[in-house]
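Chain lettering (A, B, C and D) follows the sequence in which the chains are written, and residue indices restart at 1 in each chain.
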Amino acid sequence: MSSGTYHPKPEHKFSFGLWTVGNRGRDPFGEAVRPAIPPNEIVALLAEVGAWGVNLHDNDLVDRIVREFKTACEKHGLVVPMATVNLFYDPVFRDGAFTANNREVRAYAVQKTMRAMDLGAELGAKLFVLWGGREGTETDACRRPDHAFKNLRESINYLCEYNLHKKYGFKFALEAKPNEPRGDIYLPSTGAYLGFIPTLDHPEMVGVNPEVAHEHMAGLNFVHAVAQAWEAGKLFHIDLNDQYPGRYDQDLRFGSASTKALFWLVKFLEDVGYPGPRHFDAHAYRTEDVEGVKDFARGCMRTYLILKEKARQWNADKDIQNLFAEINSSGIGHGGKYSSQNAKELLNKSFDRTTLAHAGLMYERLDQLTIDLLLGVR
Amino acid sequence: MSSGTYHPKPEHKFSFGLWTVGNRGRDPFGEAVRPAIPPNEIVALLAEVGAWGVNLHDNDLVDRIVREFKTACEKHGLVVPMATVNLFYDPVFRDGAFTANNREVRAYAVQKTMRAMDLGAELGAKLFVLWGGREGTETDACRRPDHAFKNLRESINYLCEYNLHKKYGFKFALEAKPNEPRGDIYLPSTGAYLGFIPTLDHPEMVGVNPEVAHEHMAGLNFVHAVAQAWEAGKLFHIDLNDQYPGRYDQDLRFGSASTKALFWLVKFLEDVGYPGPRHFDAHAYRTEDVEGVKDFARGCMRTYLILKEKARQWNADKDIQNLFAEINSSGIGHGGKYSSQNAKELLNKSFDRTTLAHAGLMYERLDQLTIDLLLGVR
Amino acid sequence: MSSGTYHPKPEHKFSFGLWTVGNRGRDPFGEAVRPAIPPNEIVALLAEVGAWGVNLHDNDLVDRIVREFKTACEKHGLVVPMATVNLFYDPVFRDGAFTANNREVRAYAVQKTMRAMDLGAELGAKLFVLWGGREGTETDACRRPDHAFKNLRESINYLCEYNLHKKYGFKFALEAKPNEPRGDIYLPSTGAYLGFIPTLDHPEMVGVNPEVAHEHMAGLNFVHAVAQAWEAGKLFHIDLNDQYPGRYDQDLRFGSASTKALFWLVKFLEDVGYPGPRHFDAHAYRTEDVEGVKDFARGCMRTYLILKEKARQWNADKDIQNLFAEINSSGIGHGGKYSSQNAKELLNKSFDRTTLAHAGLMYERLDQLTIDLLLGVR
Amino acid sequence: MSSGTYHPKPEHKFSFGLWTVGNRGRDPFGEAVRPAIPPNEIVALLAEVGAWGVNLHDNDLVDRIVREFKTACEKHGLVVPMATVNLFYDPVFRDGAFTANNREVRAYAVQKTMRAMDLGAELGAKLFVLWGGREGTETDACRRPDHAFKNLRESINYLCEYNLHKKYGFKFALEAKPNEPRGDIYLPSTGAYLGFIPTLDHPEMVGVNPEVAHEHMAGLNFVHAVAQAWEAGKLFHIDLNDQYPGRYDQDLRFGSASTKALFWLVKFLEDVGYPGPRHFDAHAYRTEDVEGVKDFARGCMRTYLILKEKARQWNADKDIQNLFAEINSSGIGHGGKYSSQNAKELLNKSFDRTTLAHAGLMYERLDQLTIDLLLGVR
């Protein structure tokens, strides 16, 4: 991990959750393989590997040792850009949190979130992520799905009011996942949340937190989801990791599985100037000890920086740019707003379909040039 | 196929596309196995098996033999509830239609859609489906995805204006699909379109057309997607068929693969009183001749009606209803709108998490009762 | 769960693992929701719900309280048809067991299995299942995959010799899974193990233990895998449960997801007279308490019996049987063994391809009759 | 596509099927986009881009213009290493070929294969690939799956005898695919065929032809499947392309989707000295004209050669090799064959499980070094 070019700096805004490098490697078929690390030591570890920010669930700070945690962050120069609430670990949430059938559970979930917002605000976070990990079903016998959406909406509306009332200034970022730990999770993709947000009382306060693994689990193209969110002004946060499609949630080291797909992602984020944190929501293999956890964390950031540099090269490569310009020579749009006049003209227009149908578009060439560039042979 | 109880009637609003029973059984590895059937004969076939409506692509009426087609519909008592445009078959659309890089292609796609709207209006259709089958990529080298969304939006805005200008009164229903025939199709799920619609100039004119197979391909829960659309007032049309997850687009006979999932769907549509057509966008196996195509079409409607009757039984079954009532005894909502007073009370409230966490919720029992009912042993 | 027809009896050979009804509902995102149940109480619970057999991992008997366990089995009339070894829970196996890079781990895995065989033999089991849950990788950097196969073979050969030496008379049943808890598990399907077994020293002693969920995770047709194993004389054991494709390992109640696919399975097992245990390797939803666990266990067996009765009906239904007979009128085989004479005749034979290509095969009809039968409307 | 290092040479044994570069870009939703190219021109095209071999289906040579084809091959210096038979395109095979219910169809399939073998032998091929693309079902109502296996076995046995009788010296390579064009294809993975082959009359004559896309469709690890085949002496041929999991059959340019997975593949093939052809069974995007088809074909070979050079670097990289050696320091095996003496010693051995469980295995580090190497930053 030698070369100096790809070292993380604060300007890169790399953040990790306490639960990521602190992950103990428990899984459904095996016990924890690594010891618990106290939050303050995780802060030190993150500083050592070069991170800029640290995020946390309310549950991550046992006994809410907030003062020590703040001190540790200051000492190590880390910020807390985002906070979130754990509405999934406690058995009380086994049937959901905001969408649980039991009203008491729903109320408790709202209360727990309010307290997590208090904690996040105290630590200076300006983003609040809501992942409804348990909002879903194994059997749709249990409730009507539209009722679940109504309950979810009520809770988020309530939390937005609390945010206003307390003048916390949070932006909420909603995180989708198709399944696991529930058989089916409601609003299973980033797109579904983009459809849900306009139905809220304060849509301007709420955006999305797309996660690579969660879209890839359903075999969906991640950069398309991110671009839809960005273009709608809703890309408030992002969770970076990696994942093979059609499997359990893997949370792999960023870039370790889907190199090309994540190249397009990094290129998009850098091209449009996404200003938010680059948050790695991943964890090390169970084969690793603490040194391996550091290798994992360094690798996430390193691969991001390598891909960022590749994106710069792609934008500077004359062959690639000439080809791209030729392919995109029409620009965006086809002729402005509707008028009865231009509609008439369009209806009367004759198109040379044969020519349009047979021009080679050179996408194989452009894609191979990209592969060459990614593999470092250009 | 004996029993008389499950015969289709006009009130059931069962419709088929010309392309469904007219499907010739061509696939990527094999030639057509059935002869082409002229549109008028398809209308007769649909009347014979008991359908209420027939839908069509502009391409399905060769030489636009509209008069004969209308006559056939009138003769056989079929309506044309929905029309659509084929923006995928012609090689001119191999790089997309509204999102193609070439502006001429985009313009031609808009023109072709306007003409298809003219045709649909002439046939009395009030719904216009847009399936962007070619709007997507095999490599994201070809364009920035956000630019594709801008082009798509411009085209749909334009078509909405044309709809207003011509006073056609169409509602547009946008249909999502994750992939095939493109590597990745933009806006891959119903949810993604629900997020896109609010960014249009006339969102009230535009809804969605969810298709069973298209959500199942990505392993997503279909009734959840339909419920989100319904709850948002956007369920304008629906495509019924069947599909195993994680495969090529199968368009199987309705209910032939996912019995339980489609039971929840039918139950939801009937419980909420969905008023639109039940459109079967499916086709017969390649092993079938025309008689087999009729078996296929009859089977689609028959299974819908069987599941509808099962839904009625579920709602009338005392054991099931008692269990469901107990499970849902809290109703919807947790206490109304935010106030600083109820927020304070909520924050101070003490919850008995132990009790909440350990009550058995009896979902296994309710699900097994459902299985019993589905299998006809209750 | 009233009707008397579908009650389990010993002759049905329904068995459960201690770990199935004893599952505590822990998952990657949540804590256990149910208390631990001592093995003897699980035996009582299984007897109460009507099971015939109980299987166990070596790990399931804490402190190896074997005598009490045997007494409980005798008291409740349960047999122990199968035993297995847990080579996945202990962190020592985080890199695999028989295929771990570290030779000490491999040796320990063999030792642990020998002891589990001792235990199984003491309890009267005649089947020994080996599930290599940790035999796999997250990155193929760690070793050459062919070396892993060599290590796996060596271990199984060794255990076969131990079996012979101790005169235990075990048959080994190897269980495949594509992934989870490892990124990729070696020999990911039942078919792969059928390919591996002929390379062993004692292939006659070794067969397979196909599991519904494990083939369905990869989207594979389960009854095809079972039929291949059966036809090869290798179906030594079977794990029944349910699973949606392309997801984490769900271990759902038998028949709760894939009704039709499991109908074909039950029909196949009953038609060919599979003589082994019907083992349910599943667990109750996390929403359940102990009563719900019983509902779950009862439901597994009940649905099996319902599907068995449906299979009987299918075989007795005249319309179905006439159709099936017509479709299968050619029988099996096309004309016996090769001879130069019949080869010459075959090469000279003229086939009426047009007729062969256009006969309707009536599979839609037969499948719909099956759906009708499954839904109880025939 | 400048740099000279990665140019194909005959020693690389790169081959393409006539149907790959000749693919006309037809798909289920669209018409052909490219004109048909006569076989002789395809041979010229392949020579131009640097291929060594050309493979063919019997159907690819219309009117069996064999002499001209041989002349073209000689003129352009191409060999014909492999031949195959098309048992899927003709509607006669819509219910399968060797496993079709109709005996006449099965006999015709055998006849057609015999003639394809005659053709292949005439062209000098020594490998004969059998892909049972239509051997499968949409509904398992149609036949018992074990009967299908019996029919398949009979046909292959017959063809082996024909091979012996005619002294053709073919090796047969059986190719698996999980689904498409059938709902489920029998023997869906390379592993399943490895299990089937030992049940044949001449197992030594029959091996497998694994295809990247076909294993990836089911989300299976390709190099594991290849390694199992290789280790069993059954890797007779290989189909190289690329594919995203859980989708329709994409047949993408080699290395354009799964860079890292295919790096392990190339490394394995080169490390073990696989002597057979590197056959690319892929096709260009529909956006391409003939120049794009050449870009596609060149890209397949180029990426193979780049990955081959990366494999060489991996084997020569001291950091990587030291790490790999440390991780694999135990070698293969755990102590030889069983004896009652070493079994006793093993049972008595005490293992330091704590130490074994907590050593860091450095797989994150090794994987990141691999990523660095792949991205060209080492």
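In this section, a contact is a pair of C-beta atoms (placed from the backbone, for glycine too) under 8 Å apart; a residue touches a chain by one contact, two chains touch by 3 or more.
Just so you know, these numbers come straight off a predicted model, no measurement behind them.
Undergrad: Counting one step for each move to a touching chain, how far apart are subunit B and subunit D?
TA: When the steps are counted carefully, the minimum from subunit B to subunit D is 1.
Undergrad: If I list every residue number at the interface of subunit C and subunit D, are over half of them used by both copies, so same, or under half, so different?
TA: Over half shared, hence same.
Undergrad: Look at the interfaces A-D and A-C and say which one is made up of more C-beta pairs in contact.
TA: Between the two chain pairs, A-D has more contacting C-beta pairs.
Undergrad: Could you state the distance in Å from the CA-based centre of subunit A to that of subunit C?
TA: Centre separation, subunit A to subunit C: 38 Å.
Undergrad: Per the centroid of Cα atoms for each chain, what is the distance between subunit C and subunit D, given in Å?
TA: 29
Undergrad: Touching at least two other chains at once: which residues of subunit A meet that condition?
TA: Subunit A, residues with two or more chain partners: 33, 90-91, 94-95, 138-139, 142, 179, 219, 244-247, 256, 285, 287, 357-359, 361, 363, 367.
Undergrad: For subunit A, which residues count as touching subunit B in their complex?
TA: 90-92, 94-95, 101-108, 110-111, 114-115, 137-147, 149-151, 154-155, 157-158, 161-162, 165, 178-179, 184, 186-199, 218-221, 223-225, 227-228, 230-232, 246, 264, 268, 271-272, 324, 327-328, 330-335, 337-338, 340, 343, 346-347, 349, 351-353, 356-359, 361, 363, 366-367, 370
Undergrad: Which residues of subunit D touch subunit A in their complex?
TA: Residue positions touching the partner: 1, 3, 5-6, 33, 219, 244-247, 253, 255-257, 259-260, 284-285, 287-293, 295-296, 298-299, 302-303, 306-307, 310, 357-365, 367-369, 371-372, 374-378.
Undergrad: Report the residues of subunit D in contact with subunit B in the complex, numbered from low to high.
TA: 25-33, 88-91, 93-95, 133-134, 138-139, 142, 179-181, 183, 219, 244-250, 252, 256, 285-287
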